[in-house]
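In order of appearance the chains are A, B, C and D, and numbering begins at 1 in each one.
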Amino acid sequence: MGAIEKFQEVLATRHQYAQDWKKKHNGKAIGWLCTYSPVEIMYAAGMLPVRILGSHEVQDVTDRYLFPTVCPFSRDALAQGLKGRYNYLDVLTMARTCSHVQGTFDNWKNYVPISLTYYIWMPQHVASRRAKPLLVQEYKGFVQALEKFTGKKITDTDLDKAIELYNTNRKLMKQVYEFRKKEEPPITGAECMEMVVASQLMDIAEHNKLLEQLLKELPNRKLNRNVGVRLMMVGSEMDDIVFVKMMETLNCTVVIDEHCTGSRYFWDEVKPDKDHLAAIAARYVDRWQCPAVAAEFKPRADRILKHAKDWNIQGVLLYQQKFCDPHEFDIPTLLKMFKDNNIATLVLEFDVTIPFGQFRTRIEAFLEILELELV
Amino acid sequence: MITAGIDVGAKTIKAVIVKDNKIVARSMNPTGFEPVVTAEKTLEEAVKQAGISRNDIKKIFSTGAGRKSIPFADHNVTEVTADAKGMNYLLPSVRTIVDIGAEEARGISSDASGRVLDFSKNDKCAAGAGAFVESMSRALELTVPLMIEISHKSTKEAPINATCAVFAESEVVSLIHTKIDKADIAHAVHDAIASRVSSMVRRIPIEKDVALIGGVANNTAIVEAMKKHLGVEIKVPEKPDYVSALGAALLAAA
Amino acid sequence: MTTEFYRWTENTWKSPDIDWRKGQTITCGIDVGSVSSQAVILVDDKIYAFCNTRTGSNSPDSADKALSISLKDTGMKPEDIQFIVGTGYGRVNIPMAKKAITEIACHARGANYMGGPSVKTILDMGGQDLKGIHCDERGKVTQFLMNDKCAAGTGRGMEVMAELLQVPIVDVGKMSLDVKEEPEPVSSTCVIFAKSEAIGLLRSGWTKNMVLAAYCSAMAHRVVGLLERIGVEKEFVITGGIAKNIGVVSRIEKELGLKVKPLSPDPQIAGGLGAAIFAKDLLLKSRKAA
Amino acid sequence: MTTVTKYKTAPLKCWQKGKELRLEAYRDLATGHEQGKLLVLGCAATPYGMLAGLGDFVFLAGEPYGASVAADPPVSIPAMETYEAKGYARDMCGYMRNFLGTMFLDKYYFTGGPFPKFDFAWSVRHCPAGHPKWHQIVSDYQGIPMNYIDDETMLGIDGDQQARIDYVAGQYLDSIEWMEKITKRKYDDEKGIEAMRNYFYNEALWGEINLLNGAIPAPLDIKSMFALMPISMLRRHEKVATEFLTELRDELKDRIANKIAAVPNERYRMCMLTPPPWSFLKVFRYLENYGVVFAGTYVYLINSGEVKFLYDKGTVIPATAPEKRPGWPIMKNREDLCRTVARWRAEHPFQSNLETRKKEYVIMFKHWKANAYLLLINRGCVPMTTSMYDFQRDLNRQGIPTSMFEGNFADCRDIDETGVLDRLETFLEGQGIQKIQDL
């Protein structure tokens, strides 16, 4: 079975995968809600870190917990908990970020059975020199809580191993992204998204093996499809793979992305340091920031523009989860930046489920702007 | 003692006359543009039906959206209070009432005596109300009864993601354009409403028995869908559209 | 039998002075929208015939209907048409079309043909969509914005009003301007709520004209809101059914402080016309290739 | 038929003076520069007294300004539409949209004149993503420097509390250096400490004033409370605020002693958790027809006010200034100042976590002798609404009736007024409360 097929299989059977992992390793699973949660520490604790995501189905169970203008992702994620689909989780954690997903965490804590919840008080003033020392302290508390829960000490060797594995994972995924620079990328945007989402659900060691296999496959992988317009996807949380697949049937290919089930999640590596927690803290304070954390627009904008140029894109799909105010803050700035650089943009707003007909029309019209030449 | 209740709704006006705790007459007319005239007419019809004279009526209570516009009413009560009272008379075992009118839906939780404990309503959105069915039936080019009928024959799930009635209408149109079976679309429409309504009703504690009232309660497809979404049996009293008027009449007797 | 007030008059037109048999290129654009469908036949680069009819609940039939009406007593048969492009909601379901192009590109191209190269901003007010479109002097789209979430301020909403007030939709605009003073716009353009709001106003003694005025200005205001998000560049045209509603158009002009450039022969065929022009481009391209 | 007790009532003596003080603060912003004062933009939770170390200044908190604009739809609507035309989303902070709208229009609400150009923006990040990003937009637009403190320490949540206080104190210390750099002024520790002493003292005074409304009949109606609150929100570092708030407190005590009511036919008491929809204050007048009086709203008890909750006793008392608290140092230099501010913030009810907050809501309900809570699902503020349903369930579980409606505290277009009034009528009917005239 090809690596990508394996990723797809894990995505389709994610809950089964986690439960099998628990049996096989006689271990515990820890669910995390935001990409600022330090997966390295969870893994070092001998647990399977599982990112909690939605299922993109119409649901009517969250309205009594989350008010109407909470972002659909936070809503969909909570729905999974309320429906008992994550009952196998032993621990729930989240690093402090936005109020929307905070609502998911708080309600999960109160209304979904779970053995332990731990809230990591991520400092939000990441530009301040005071942030790192504090985050180290916060991590110490997290480590103690996990040690107490598992009854197993988290040693430096454990942390070394975890950091090593996650850094490898990041390196390998970046190598895969390199292939997307080719004129005919051997991997589609949807497949890449499947790869990254899988990395948030799987045992990272296993995911690394699959990445090595994928990197062997890619050089002679042929997709009998028309590349069409080279697109970049920029925005908030986004794991609606069905949508990306639909989009890529319309004569375009997503060749690079900037969102939290893509590059923004994994791009930065941990710089090893004898103080392991300090090294991890540095990674999350200096990482590619989500607008929910960093107040400043520019650093993110600059990194996005560099990617856009390096991957030689023709257009940008700029999207947000409906009601995601942190991203709504950045969008006007980003729009201006792309305009100043003559990069066409299409803005879309995502909900738990989306009206395919209308989105299809918007995307086709957008692609026509880029490709339809008049005689 | 004889009392009357008048429910002035967005679409129809209903009157119920109660004599010594027994229903003796019911009548209904489309609201039209002159609710007062229609209310007068509707009450007169009920009076005839009951074989009494207007002066025999000791008290008249009005309810419904236009409850305050009825000059000959002695007093007015909100639909929520009236629903709870009327329901308690018809089916005393009911603790949760779902009332779906033309433009408004409510969830009401009441005690054994028919007193309101808590309620929720849909905010500024007709998606979870009767009007939704009608605009969809137009998009489907079917009469409402036919739409209900075929909806029961549906075999496949069809997605209607939009919550706004008109927006959903365009989804229905594009579903039609993508050749999805009308039966499945009709089913999806009812499912969409039920999903909206149960979402709203879940804001109050849902205790058995649960009853569905209001004009839409005559729509068997919605009753089915509501069962599915709330996961409970749903009772529908006979003449579900008269419950508010009945409650008002009973309150007038109290 | 109740009269359906929302029904606007379906129309068809034929050029008296073109002999299509002499044409080098005979192409056609079919626009199957959510409410109306148009077929436009282009002979060389002149409009030869078009029709404007109501969309049924199935695209292929609506497309057939539009095409056959426009071909009626021209002697032209579908197979005489050398290239057909489909557009609009139903574009993916038009069997006889060789290619589908979105209504956004087609409206811009059609507006450019009717309004000339100076047209830079197009407002398409269709059955369920509102589109603000920017294009260059060749009618190529450079940017567009669409309403989502709700169909407020679209043709469909206007139909509901006409039906509610029992006013033939073609008279709505005229009547809405026949008021002593401009009333406050209705607070909600959402069709369902505007409807109950309108009923309330009528009950409180407003005349039909005043209600229509209030609704038209609310609609104009919403549309201008959309336009301001993408900016209005001269010259500015309106396509789609509502373009024929003087009540809305004049209020949009007032809010923007800008005159709308009229489109002839018919602003409602812009999509179909644009499709027919694209069809011609594609036909010539394929001939070159051959 | 219910009989309605009639209390005597009288207008507030210090009302005019209060109104003056409030407008003065806003007007100073227009003339501040001519008076050689620094103009600083911040938010309601900024410990702006610290700015005094730089010399005279005028401080604007974006929230009360946004609220003032929002309360005036003819100004608010065009402002918000201008903001939306710039591509900003309609579902973001309602206060911010009104603020930015008038900034883009260059129309300062209180004078109609040009919008003030600030020297810098300095705020705390008590609203996730919100205020620093809001100020980032202003900073880009006006070309002014900005800085902020992440002070949302939420004591009681997992982790090392002391480290968080160090983190916050450290940021304050850094930002003083930063201010010296950007203003090229020397920071006078003494002045900063003095102003913060006033700040703490007045904040406690405002808290005490809120608590006085626990008396039956309530001496102060909520609309007056809202109107006077900006004095404490914008000027609590000044002695004039001390004078006024003392006068107000004493007058209220006097009203209580003489049973002078804010609402003469008071017979049903309610309280709120959040600000009201500012364009819809008439809802309170409407409810007075039912004999409903609002004793207060939790948010202004702990925002621009401070009180001390005795959780074990289930009671609440006025707060004492930090330096008077056992074990707290007397502030001598900027280090002391920053540590005190950080610790004061950390232990302030403003920072209470969810579970503690639930306790506080119940305590206030009892203290205000209320019959029900009015809850607002506020489309204009995510953080204030995130846990609203959870709060509602918790209150109901303890037998506290709640009436909830959806709206927006700063966007009149988001409120269905008739719908809300209908809801309230229905709720009160369920509570056996009818319009007075119907009795």
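The definition used in the following text is that a contact is a pair of C-beta atoms (placed from the backbone, for glycine too) under 8 Å apart; a residue touches a chain by one contact, two chains touch by 3 or more.
Treat the numbers as computed from the prediction; the structure is a model and nothing was measured.
J.: Show me the overlap between the contact partners of subunit A and those of subunit B.
T.: Touching subunit A as well as subunit B, we find C, D.
J.: Supply the minimal count of touching-chain steps required to go from subunit C to subunit D.
T.: Each step joins two touching chains, and the minimum needed here is 1.
J.: Among all chains, whose Cα centre is located farthest from the one for subunit C?
T.: D
J.: Tell me which has more C-beta contacts between its two chains, A-C or B-C.
T.: B-C
J.: What whole-number Å value describes the gap between the mean CA coordinates of subunit B and subunit D?
T.: Centre-to-centre distance between subunit B and subunit D: 42 Å.
J.: At what distance in angstrom does the C-alpha mean of subunit C lie from that of subunit B?
T.: 38
J.: Where the CA atoms of subunit A average out and where those of subunit D average out, how many Å apart are those spots?
T.: Once rounded, the distance between the two centres reads 37 Å.
J.: Indicate the residues of subunit D shared as contacts by at least two other chains.
T.: Residue numbers touching two or more other chains: 87, 389, 406.
J.: Two-or-more-chain contact residues of subunit B, please, as numbers and ranges.
T.: 123-124, 162, 167, 170, 174, 177-178, 203, in rising order.
J.: Using the touch rule from the top of the page, what residues of subunit C touch 2 or more other chains?
T.: Residue numbers touching two or more other chains: 89, 148.
J.: Considering only which chains touch which, label the overall pattern as line, ring, star, complete or other.
T.: Shape = complete; every chain linked to every other.
J.: What residues on subunit B touch subunit A, complex-wise?
T.: Contacts found on subunit B: 123, 159, 161-162, 167, 170-171, 174, 177-178, 192, 195-196, 198-200, 202-203, 229.
J.: Which bits of subunit A are touching subunit B when the two form their complex?
T.: Listed in rising order, the residues of subunit A that touch subunit B are 58, 60-61, 63-64, 68, 351, 353-355, 357-358.
J.: Under the touch definition given earlier, write down the residues of subunit D that touch subunit A in their complex.
T.: Touch residues, subunit D against subunit A: 86-89, 91-93, 125, 128-130, 132-133, 135-137, 140, 148-150, 152-154, 157-160, 163-164, 166-167, 170-171, 174, 354, 377, 379, 382-383, 385-390, 393, 406.
J.: For subunit C, which residues are in contact with subunit A within the complex?
T.: 89, 101-105, 109, 138-144, 146, 148, 280-281, 284-285
J.: Can you list the residues on subunit C that touch subunit B in the complex?
T.: Those residues of subunit C that touch subunit B are 32, 34, 56-59, 89-90, 92-93, 128-129, 148-152, 154, 156-157, 188, 190-193, 195-196, 199, 202-203.
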